[in-house]
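Handing you this structure, nothing more for now.
Should a chain be cited, it is by its letter among A, B, C and D, assigned in written order, with residues numbered from 1 in that chain.
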Amino acid sequence: MSQIDRLKSKLVEFRDKRDWKQFHNPKDISQAISIESAELLEHFLWVSQEASHEVVIKNKEEISDELADIFAYLLSFSDISGIDLEEALLRKLEKNNKKYPVEKSKGHATKYDKL
Amino acid sequence: MSQIDRLKSKLVEFRDKRDWKQFHNPKDISQAISIESAELLEHFLWVSQEASHEVVIKNKEEISDELADIFAYLLSFSDISGIDLEEALLRKLEKNNKKYPVEKSKGHATKYDKL
Amino acid sequence: MSQIDRLKSKLVEFRDKRDWKQFHNPKDISQAISIESAELLEHFLWVSQEASHEVVIKNKEEISDELADIFAYLLSFSDISGIDLEEALLRKLEKNNKKYPVEKSKGHATKYDKL
Amino acid sequence: MSQIDRLKSKLVEFRDKRDWKQFHNPKDISQAISIESAELLEHFLWVSQEASHEVVIKNKEEISDELADIFAYLLSFSDISGIDLEEALLRKLEKNNKKYPVEKSKGHATKYDKL
């Protein structure tokens, strides 16, 4: 079993022991991902880009927990939707390689539709 | 190299070829995660929980791309912060096992602070 | 002074008494709006569309506070950007009147680019 | 009729002409607020706090539209929930006056629970 599948199966076990599968549907899991993402974002509110690196160092455990929450719901979404995260990532990376050719994108953050 | 590290190194390669590491800091990557999460959420707007399963079936490629974007930024955050996603997940799962004891949590979605 | 300007001036007074204008810039206020929106959204997690009406009735004060937070940051954004909320709303409504003609939009939630 | 009520009634008219009230429930309107907030936030991605002021100047119409969308859904939420936005704001401001006493909060962005 791959690493990601192994982690996913741990989450599924946690979920099913509590009989929580009934709450898991794409709409609510997407909501949960947005909510957890905002909790991560809150750590960096009113903080400059530079200073945000220090925030991570000072609050490593809390921030690590926020990342874990987002990752957990991503795996839960993968489980109920049957979308494989590695496959999804590799295919998107392929697309982005075309949308953002190195020579056009190098050194600036312009969105592909404005390149 | 673990599966997650292998995927992370592909993203780092993509990023560094474009000289984009200069844009990557915890504040902006968290912003990016929130933005991508909202794009996922948009697929399920005005749709019931039940119907959200069908939305996934009908828009599998687009939704798979949204998941990939969130996962990619999660891996980018892991890279710049040095936080290991598997470690973070397993530790959070341990905590949640204590916050949500099976006997108290079974079958309902009550938050731990109201159990 | 209009009602909205009066509310805005109360917020500006609150902010300036605490010398907080230094933290207010479009990037951070947008972050704050996203964070407060996610706190509102959290009230309706794992809850059906129908049941979400009852959640409002049971948690009126808390939900009212979340709305207030979003509104407050919207007014703060208006203040630092010089964008007038009434003007912005009326102009957007005008645009939406064209994007969503009554005869094409009636009774379904299809996005304008798919009408 | 107050300014806010007048704007709200314009939105209600827009909504009802299209028979869209059926889609409006607290869960979905909260989702919509989060989605629109993320669209606002996207304008300031990879941009420093200082530079975010210039982004507003350069993209005033687009950003004004994003604010309008958030405000519109806030008014829609107010309509279906019966929560008055001015009342909610004034009561929250009262609370924040107590949570953030001027002498303790002046000049720094520490959250009330860490003051």
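Everything that follows uses one rule, which is that a contact is a pair of C-beta atoms (placed from the backbone, for glycine too) under 8 Å apart; a residue touches a chain by one contact, two chains touch by 3 or more.
Computed from a predicted structure; not experimentally measured.
Residues touching across the chain A-chain D interface largely coincide between the two copies, over half of the numbers being common to both. Separating the CA-averaged centres of chain C and chain D is a span of 2 Å. Centre-to-centre spacing of chain A and chain C amounts to 25 Å, using the average Cα coordinate of each chain. Multi-chain contact residues of chain B (touching two or more other chains) are listed as 23, 28, 31, 34, 37-38, 41, 44-46, 48-49, 109. Shown here, the protein chains touch in all possible pairs. The touching residues of chain B, when paired with chain D in their complex, are 23, 28, 31-32, 34-35, 37-39, 41-42, 44-46.
Residues 31, 34, 45-46, 48-49, 109 of chain B are the ones that touch chain C when the two sit in their complex. The part of chain A that touches chain B in the complex is made up of residues 2-4, 7, 10-11, 14, 17-20, 22-23, 25-28, 30-31, 33-34, 37-38, 40-41, 43-44, 47-50, 52-53, 55-56, 60, 63-65, 67-72, 74, 77-78, 80-81, 83, 85-93, 95-97, 100, 102, 105-107, 109.
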